[in-house]
Structures are given as structure tokens and as C-alpha cells.
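What follows is a group of structures, each given as C-alpha cells.
Two complexes, one shared chain (subunit A), two partners (subunit B, subunit C).
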Partner chain A sequence: MSFGTADALAGPDLNARFDAIRSRAVLFAAVGLGACLLGALVFPASFFPAYLTAFLFWTGISVASIGLCFLHRLVGGGWGLPLRRPFEAAGSMIVVLAVLFIPILLGLPYTYPWADRTVAEADPLVAQKVKIFLEPSFFATRAAIYFVIWALGAFLVGSWSRQQDRREDQAPSRRLTALAGPALVLTFLSTSFAAFDWAMSRDPDWYSTIYGAMFVVGAILSTLAFLTVFTIQNAAYEPVKSALTVGRLNDIGNLLLAFTMLWAYMSFSQFIIIWMGNLPEEVIWYLRRTQGVWGAVALALIAFGFFAPFLALLQREHKRNAGWVLPIASWILVMRVVDLSWLILPGYSKPDEAGFPWGSLPWLLAALAGIGGVWMIGFVGRLRSAPLIPLRDPRILDALAHEAAHQHNGGAVL
Partner chain B sequence: MSGPHAHGQEAPEVYGLMAEFDDPDRLVEVTRGAYERGFRQMEAYTPFPVEGLDHALGYFRNKVPRTTFLGAVAGGLSGFLLQCWSAIYYYPHDIAGKPLYSWPAFIPITFETTVLGGAFAAVFGMLYFNGLPKLYHPVFNAPSFALASDDRFFLCIQSRDPLFDPEETLAFLETCGPRSVSVVPY
Partner chain C sequence: MAETPHDDGRRAPLPPVLAPGHTYGSVTATISDVVLARALDWRWAVGMGIASSLLMLFGGAVANLLFRGTGIWGINTPVMWGWAIINFVWWVGIGHAGTLISAILLLLKQQWRTSINRFAEAMTLFAVACAGMFPLLHMGRPWKFWWMMPYPNTMALLPQWRSPLVWDVFAVSTYATVSALFWYVGLIPDLATLRDRAKNKYIAMAYGSLALGWRGSARHWSRYKSAYMLLAAMSTPLVVSVHTVVSFDFAVSVIPGWHATIFPPYFVAGAIFSGFAMVVTLMVPLRSWFGLKDFITDRHLDNMAKIILATGMIVGYGYAMEFFIAWYSGNPYEEFLLLNARPFGTYSNAYRMMVFCNVIIPQLLWIPAIRRNPIVLWVISIFVNIGMWLERYVIVITSLSEDFLPSSWAPYSPTIWDVATFLGTLGLFTFLLFAFIRVLPSIAIAEMRELVHEKHHEAHAAHAGHGVDAAEAREENR
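Then we have the complex of A and B:
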């Protein structure tokens, strides 16, 4: 089967649903950002780390979406059919997130311990880093460079993919193929550096080289889980209905399983090396994250962030059933927020004195809703402005031709 | 060989009827048709895995995944317990002042033995359930069966199927547009 222009566009039912999502997102954005404004002005110390966590959650989804577009261009596959356009739309939201980064720059001393002059004066290790690498203007310049790289990538991947919809010749796809390899490397490196800058520097006395890769893998997992939830929830309506077949849902389930395992692998690799070495300047990061309530969170991440989705996704029947994939993907998403909070919130605390930052939790929810609302408004608007399945993309046509030749299995709609 | 089909008893030396096809999609279609007619004791032979053929043949449950999982759990547990035993009782040793029971250090080996146990269970479980290796199998008596590893697709309906009837089954297979249908002797 293939898709024409008319039946790849959102039908009236789906448009009505998008309107409903949009009006709910407007509400979330208004209430969330309103609460954020209050938090930023009245409780900046507990607000800004929470805002950073929510910001990194949504930024991870946008940046990983750009990377997954390039990846799909390189390797192809049927899983891209229902997800390519959502990836492109999610990637383009990086422009919105660049604006939402400004509050972090404004609240720098509340967001990052190294931006607090008293911390740098007390800790010579931090003072060294603040001199050059974490000097605020250099920090901001690097952030601008990351956003330019990502926005350019999102723009090119989105506009060339849409040009291909309207053209018989394959020129835009060929351009995209030439770009995809180098762009994927650049996206990975810039995201890795952004993770060092924005997330790892919450503990300015500590470093880990695998941190960037761990962050990227986590972001890809968030992206797959989020867009899986979004797609399944719209799977009752054309054209999503005919795009999300059982076979493709199986592929997506396999990707969720693979990235759950990869996330656990990265996280444990960092842990075991530091645990083995047992050096005071390295173990401090884990001491901050394994005492008191944070210790329970760490155990919950092992049990519910890894084992629960891992065991649930092992079974083929589960991956072929939207009734299983939807709750599993939603659960992964919840654990992604818990994981990010565990990475960000305890930053640079004194292990034995600092309690659990209960005060940050309401701001975390407010920021997730506020940034997420704005993100969702833009995302849905961008998504519905083009066919929901790329029409003449050679990778998509390959996947359709391959599945048409083997229609015996997995071709069924959910 | 009981039941209404008296013909079955006349030719017990026949293993089955083998139909030869050019096209994997045709094979799946015919297999599905045969399954719908009620044939269960049949097997297909193809040069490469054909998607959907397993379901067409009626293989909906496969015991290998469960065997693999159990093998992986057994491998992981035995790897972990072996390390506990050797590190705590058999050869207690002070390594960097860490406690004798240092579970994080056991995880990489546990992971490896999990994979090993799973792989062994998968390979040997597969061999156990599919009955390989076999020194003799009658399907090789079918003419040009060697092409099953080249570019032909075969469906064999076995004589032990209760619905099997040398003439009727032959007539059914002839209607499916095969290249040829041959009798497979024991």
C-alpha cells in the first residue's frame, strides 16, 4: 500500500483531536509558565534546578528527534513510517527551546553552583573551571552554537523532507543523504557537549567522559517513548491508523527495548568504573545521589527504570499489542523524568547534610507542564501542516515496497 | 491410518506429497489454503526465511523463547552465585579494602553468564525442539529437492495427516499451480 497526498494529510477526525490537544496544551502552558514565573521570582533557589530538569527533558526530545531523522535517512526501516514526521516536527521545536533557555541564563547563579561567586571562592577546583570553560559568556556562546547547529539541522531535515513531498525527482532526498552522516556525528557531539555544559556542570567538582553518551541515549529513549505514546493515542484516526501497523509497532517496541538496555549499560558503565576506582573526587557524585531519599530513587531507577520495562518488552506479544506498548512507553517516560531529576537536582550538595529537595518538586511539575505546553502547541501545529507520512521519501517507499512484498505478517492495523 | 480414508492404508510407504513452487508468496498462499482445508501435518522448505510462513503452517507458539529466558536466568544466577561463593568462602581476599560481598563487581560476569546461558539454551533448545540433527529424512527422496536451498519453495503434506488421501490431496495440490507435485517415498 502507498499513501497519496490526500490520505496522508490529517483527516477531519484527527484535526479535531489535534485541536483538542492544542487547547489542552494552551492551558498547560498558561498555568505552567505562570507558576514558573512565580517560582522564579519568589523561590529561585528551588525553582531553577527544577526548571533546568524540565528544560533538559524537552530539549532532549527535540535534539534526539533531529538525530533520529538523520539516522532514519541513513538506515531506513518501517518504524520511520509513523514516526518520521513527528520526529521532524519535534526537532523543529528546538527554536522554541532556544527561547526557553534564556531564563536559565538569567538565573545562572541559582541554576549552577559554579556561577555562585562564593562557591568558586571556597572550592579551588571550581575556581579553575570558572576561569575559562565555565566563564558565563563562554558558556552562553557555546549554548548559542549548539542551538544554531540543531536549528540548522532541524530546518534542513524538515524543509528538504517537505520539498520531496511535492517533487517527482529525488534531489532533496539526495541532498539529505549527503548531509545525514556528517550531521549525525555533529548532532551527537554537540548534544554530548551540551550535556557536559548544562547537566554535568551541576556538579562542577566532578567529571565523567561517558556522561554525554549516557545523556544522549536517555534522550533518545525519551523521544521514542514520547512519540510512541503520542502516535498510539492517535492511532484510531487516519492516516496514523494505516501507518502504525502491528509489524511497525513491533519494531518500535524493539527500539524501546534496545534503548532501555543501552541506557542501563551506559549508566552502569559509569558507575562501575567510579566504584572500582573509589577515588574521593569521583565517588562524591554517587554519594550525593545514594544517601537518604536519593538512595531509594537510585534503587527505583534500577528496578523500575530498567528491569520493569526490560522484562515487559521481552515478550513479542507485548510489543505487537498497543494495549501493552502504550502503558510501557508511558512508564518509561515517567522514569525518564525521575532519572533526569536524579542526575540534576542533587548537584553539588553536601551528601550528609543536604536533605531531599522536596521544594523543587512542584516547580518541576510546573516547568514540565509549562515548557511541555508551549512545545506541544508548536509541535502539533508543525505536524498538521504537512502530510503525516512522507510521500516520496525513498526510505519510506523502500519500507512500503518491502512490506508490500511480505504482506503476510504484521501488515494488519492495530 | 484410521478413519474414512481407506486409500491411506494401501500406501503406507508414502511419506507425503511434495509440491514445488517458484515464488515464496505463492507458497505462503497455498500453505494458508491447505491449513484452512484442515491439513496440520505439513512442512514447508525454502532457501531463506519467508515471513508469515510460520503462521501459515500453524506455528503460533514457539517454545524456544521461553527456553532461552530460563537458560539466561539460570546462567545469570549461577554466574552470580559462583562469584559470591568464590569471593566470600572459597578464596576471601581483600581487594582495595572493599567488602567481600561487592555485588557491583560481580555484575559484568553475571551479565556474560546470562548471555552464555541464554545462547546455549537458544541453540540447544532449538535443536531439541526441531529434532535436528537427523541422519535420514525422507523429504530428500523427492526429486529436485536440493533446489530448496537454491531458488525453489516446497510444501510437503504428510501421509500421517488424518485428512491425507493420495488422490484427493494430489488433486488439491495440482489446483494450486505448482511447478510439479511428487510422491515422497520413505
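Then we have the complex of A and C:
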């Protein structure tokens, strides 16, 4: 199997589909962002935590996509054939997300308890952090640094990969290989610290060393699930049809399984270490997340966030069948939103005082739709502006050669 | 085609996983001759002599311990876990590379694992045997080890299920059992090969009885393959679970420097880090002594170096997170231990040396030329072995000797018997490895024949026009 340049561009059918996605995304963006504006102005206290949750969901997908591009440069594999270009397009959306971060800075006292003067005055531990690490201008500077790192990574990985499409020699890929290792390290580190800054500091009295890694693993899971859903939905059309073979779908299913397990492993490790240590300053985080409705959410995360996809993905037949992978990946995506809400929304409170933030839920949906709409418009636009398969990427050629020698790609999934 | 990549001058071509020109017969002969035909090598004899001497030292150290008790070690109150636990964690960690190579890389279809898996599995078994010695001896009365098992007894006592030390008993014993089974099942076809090639009747009988009547029929192979894949799938979670439980031994307590949520993944990465370092330490000299460079090529060293670099970075990430969170948390005990006692306190030399060996030295592996230079790589692997031992030293000793109340602090220093016991297990490990090399095929013969077959297959596919460019590009750009 080999592709010519024209084969790898979206055909008329797929372009029509992309147009449909785009017009739906415009609608989502307009309605969602309109609702967000209303929420921010009228109900800021319940709006901003919800906006943060949705922002972290989409940012996680973009940042993890950048990281996965670098990772694929290093390790290769057939799963990159249908996913590399979507990763690159998703990564480039980090620029849009940098703009969408501005509302968080504007609503800082509503988003983060430590930015609220009364909280810092009441809690000396919080006051101490606000003095240095969580000092608002330092917080904003760090955010700017993260966005610069990510945007630079997304730019290089995207433009060098596209240069490779037009060239016979492999100079752009070589440059990317040289960059990939250090860039992966830098992306992982910056994302960990972004997780401390943006997510963990919602509970400014609490800390956990695994939090950054756990957040990254969750973001990778969201990314794989989201782009799997997107790719399967377009798998009836060329060139996605030829790219998404049964063998590669199986690989993607294995990745979903592996990251579901890794997410559960890290979450469970954090839980058991804190539960057995039973120190008041640490268990408070779980108390806030296990009282009342949050307790039911926590149990649902165990049953439906881990066991359901885990058991479904154990079957080889399921991973080789798009009719299974599509609902499983969609389900994982839903549970990713639930998990992020469970991490972010309870926030800093006395466990018995704070009820379930019902008021935040409509804003969560509005923000997911609004940010997601803008994100999708840019994503689809970026994706269709280049061949959907990185034609001359050596990693991709490598995977194709391997499959040609062993004949185990299993044909198209749809 | 696939084996002779051309070079465009900018990057050295990657060495193959199997040197060119090998056939089924040459592979079988080269590997089995190490066991059946080669004369006694003086280097092997010297190594075995040193190993046996150290093993006798181990016997002496254990005998003294049994007569006089654990007081002969440097342990005290509050440092009740001294070298014994350090050595236990170090040895268990080393074993993990073997399981990763044999199970996970098999499931990931990584061809390059083929020639090193048998050896790495043997290393796992022997390392676990050495590791197991320490908790047993640390009990003081090892003959009562079965008290740790939940068995119906007259006092109606069960072990404390909430203690990770009890989980350890199950984790490590399961690990040892599954690793031994996996290793033995993988050996069966090769034992049959040795049976068939042995000239001496009694040697043939010995291998024959171990080969369980293997005749190489299609049915045998089919069952063997499914058993092997099942054992690989069973071993995979063990790569993670054993060292996770070991990390819980520390992390579920509330001792500063131990109670960190990053411990499970950081311990697992550290285990693989030290394990691959040990594989490199052993492989580099052995492949040259026994003429196995065609099978354990520079490609293997390169790949192992990359894994050492990657896991070393994760370990470094663990250190960084501990350091940062200790500062961020505002917890005075964590802050004292991680920002003051470890880098500047009594044991600061060990801490600094640890960072140097585990974080700084492995950065050299970014350079491809270093990854493919066996001697430099070997030296780096020694640094990592030392660094990972020091990591456990730093964790165990600094946290215990200076915890919450300065009035209960006490310094720790090992005695000659700590050193003797540790050197003794090094002797035990080396003794078992040297014996293994001379008695069993240290590279999986059957799997190597399969690799020869696959290489023919790939070359054929490339010649037949199935993506010729792709095959070239692939070798060129790894």
C-alpha cells in the first residue's frame, strides 16, 4: 500500500463532511460562548470553575497531542498513520487556547480560592503560598511561559512535518527526530507544572507529588479517545479509510486500554497512600470529593471510568471492530469530563459545608461547547489544509514496510 | 536490502538485530556450543572463583547472623531498616528489566528482545533470590518465615492485611513463581536441542528429562506458543505490581521523605532503570567472552541505552517533584528533610552522588556515539547501579534517622557484617549466573531461529517490490 499526494488529501465526500462539522462547530461556538459571557457577568462564582474545567479538557487534548507527536517521532508504530495529522492539527489549537485562557486571568478570584483575599487572610498556609508561588503576576508569567513552549512545539512539529510532504530527502524529519527527545521532556515538565498551577491549586491547602503525572496521563487518554472517535467517524471516506485498518484500530484500542489502566493506577496509588497515611492536611482533598453527590461521582469513576472501558477493551474482538471502539472511546471521553469535574469543581471548602455545585453544570456544558466549537473550527481547518497522511514521514514508511512484510493490517474497518 | 542500509553521510547506519549471514544451523551451533563444546575459559574460571569465594563469605555472614542475631548489623532505633532493606529493594528492582524484556517487549512485538530475553530472565530469577534473602534474614529467625502466611493456627492469628509488608510476601513470591515458570517454559525447546546435540549419554539424559519429552511436533509448538503468550500476559502486571508494593512499604507510612504519592510510578521506573543497567553491565563482557556479538549486537546496546535514558529521566522527574512539592506544601517536616537534611545534612554525600549517578551521568546517553560504544556504556551502567543503590540508601537512612523529633534522632553506620552480607549476595548472584551460562543456553535458540526466518521473510518482501523504498527508509531513519 502506498499513497500519492492527491490520494492523501481529503476527497469531496470528506470535504463535505468537514464542512458539516464546521457549520455545526460555528453554531456551538456562538451559542456556547454567548452563554459563557452571560455566565461570567451574571453568575461568576458558579461560572468560572466550570469554565476552568472545560478549558482544561480542551487544553489537555492540545498539549497531549503535541507530546504524542514527539513520542511517535521517537517510537514509531502503525497507529500514527491515521492519527499523526489529527495530532498535529489538535496541537496547533494551543494558540486559540492561549487566548481562551484570558478569561481565567480576568476572573481569577472566582476561579481560584487563593486569589480571594478573604481566603488568604483566614488561612496562613494559603497566605504563605500567595506570597511567592501563587502570586498572581508570577502565576500569569508561568502560564505565558507554558503557552510559549507549547506553541513553539506545535509550530515546529506541524511545519516540519508538512515540509516533509513536499521533499524527497528527509532533512525535516531528521530535525524533528533531534528535537523530539528534549521537546518531550520539556512538554511533560511544563504540563506537570501547569497541572499544579491550574488544577491542583484549586485546593491551595493540599499537595500531591503524583498530581502532574496523573493529569498528563488523563490528558493523553482524552486525546486518544477524542481523536479515535473523530477518525472512526470519518473512516468511511478516503484517505482515512485506507489509513485506519483493523490492525491499526487494534493498536489504538490497546493504547486506550493502556492509558485507562495507567490513569487508574495513578489515581489509585494517590488514594491508597493518602488514605493509609490518614493525615488531616491530605485527606481533606478526598473528603471534599466523597461527601454527598461527589461520593456517588467518585464511585461512578471507579465503575464506569475504569472497569467499564477496561473490561470492554480486554476483548481482542472489540478492539478490532469499529462498532465497539467508537462507543467505548466516546464513553471514555464522557468519563474524562466527569473526572476533570471531580478534580476541579469541589475546590477549597469545608467538606460538610459545600453542597454539590449544581449551578455550575449548565456553565460546564456551555463552556465545553463554546471552547470546543472554536477549537473544532480551527482543528478541521488546519487538518484539511494538508494531506491527511504524512506521506513521506519515515516513521510512517517504517510501519508500512513492516505491515507489507507481515501482511497483518487486516483491511479497512468500515 | 533491509540489512544493508545505505548511508547518506549524515547519520551512521543502525546495526542490525542479527549479524548478516546466519542460518538456522549456525545460530544453533554457536549458542549450544557455549554449553556443550567449548573448553573451560580461564576468564569464566576466574569469575567463578571470585563468585564462589564471595558465596562462602555469604555463608559465613549468615551463620554469624543466625548465632548472634541482627544486632551484628548497624541497625538501631530509629534506623530499624538498614542495609538489609536497601539491598532488598535494589535486588528486586534489578529483576524488573528481565520481566520487562521477556513479557512486555514480547507483547509489543519488539524483535530485538529475542537474543537477550533468556539471559535477562535468568538475571531476574537470581536477583529475586538475592532479594528474598534480606527480608528473611532481617526477621532474625528466618526459620519462622511461614508466620507471614495466612494459615489456620491455634492462636487464630492472621497477618496484618493492611500492612504492605504482607502484600510484599505475596507480590514477591508470585513474582518469583511466575518468572521461574516463564523461564522454564521458554527453555523447553532449547533443552530438547541440547539433548539432541549432546554427545555424552548422561548429559543427553539430563537434558532429555528436563525437556519433558519435547519432539517439536506442530501440536507441541502450538501449545508451547499459547502457554508462552499466556505467561507473558501474566507477567506483564507483575512488572508494575511488585515494585508498586515495594514503594508502598515506604509511602503509606507518614515518615517525611517516604510519604509521597509519586512513589509507585517512580519506583517502577527506577526498577527498570537499574535492571537495564545491570543487563548492560553483564552483557557487555559476556558477549565478547563467549563470541556472541553477532546476536547481541550494538543495536541491542543502543536500545537498552535508550531505555536507561528514558527511565532515568522519569527517576529524575520523581526527584524534582519531591523537591518542588516539599517546598510548595509548606509542610515543615518534608521541607526540612528534602530541602535541608538530604542535600546538606549528615548523608549529603550519598544524596549528591545519587543525583550525579542517576540524573547527570545518564544524560550522556543522548549522544548516539556513546550509546553504541560498549565500553563507555558499560561504565555508565556501573554508575547507574551504584546510583540506584544510593537512592535506596538515601530513602531508608535519611528519613529514619532524622524524622520528627530531634530528641529521637540517631545516626546510622553499617558494620562489617552488613558489607559482608551484601557482598555475599553479589557472590550468590554471580555464582548462579556463571553456572547458568555453562549449563543452559543463555540465548533462546528456538527464538533466534525464528528471527532468522523473519529476516529472510522481510528481505524477500522487500525484494518482491513491497515498498522497497519503505524498507530502506526504515533502516535509515530509526
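List of remarks:
Going forward, the second predicted complex is superposed on the first by the 408 of 414 C-alpha atoms of A that agree within 3 Å, B and C clash if a C-alpha of one lies under 4 Å from a C-alpha of the other, contacts with A are read in each partner's own complex, and residues count from 1 in each chain.
Here, contacts are C-beta pairs under 8 Å (C-beta built on N, C-alpha and C of every residue); 3 or more make two chains touch, one makes a residue touch a chain.
Not measured: the values here are computed from a predicted model.
Once subunit A is used to superpose the two complexes, subunit B occupies space that clashes with subunit C. When both complexes are overlaid on chain A, the residue A:V42 reaches neither subunit B nor subunit C. More residues of subunit A lie in contact with C than with the other chain of the pair subunit B and subunit C. With both structures placed on the common chain, the touch criterion links A:I272 to subunit B and to subunit C. In the superposition on chain A, A:G212 makes contact with subunit C only, while subunit B stays out of contact range.
In the superposed pair of complexes, A:F188 makes contact with subunit C only, with no contact to subunit B. Once the two complexes are overlaid on chain A, the subunit A residues touched by subunit B in the first and by subunit C in the second are 272, 276, 278, 405-406.
Only residues 8, 10-11, 162, 240, 244, 248, 251-254, 259-265, 313, 317-318, 320-322, 324-325, 328-331, 366, 457-458, 461-462, 466-467, 469-471, 473-474, 476-478 of subunit C touch subunit A when the two sit together in their complex.
Within the complex formed with subunit C, the subunit A residues making contact are 2, 76, 125, 128-129, 133, 169-170, 173-174, 177, 181-182, 185, 188-189, 192, 196, 207-213, 265-266, 269-270, 272-274, 276-279, 281, 394-395, 397-398, 400-402, 404-406.
Against subunit B, the residues of subunit A that register as touching in their complex are 268, 271-272, 275-276, 278, 314-316, 405-410. Contacts from subunit B toward subunit A in the complex involve residues 25, 28, 50-53, 55-56, 65, 69, 96, 98, 104-105, 107-108.
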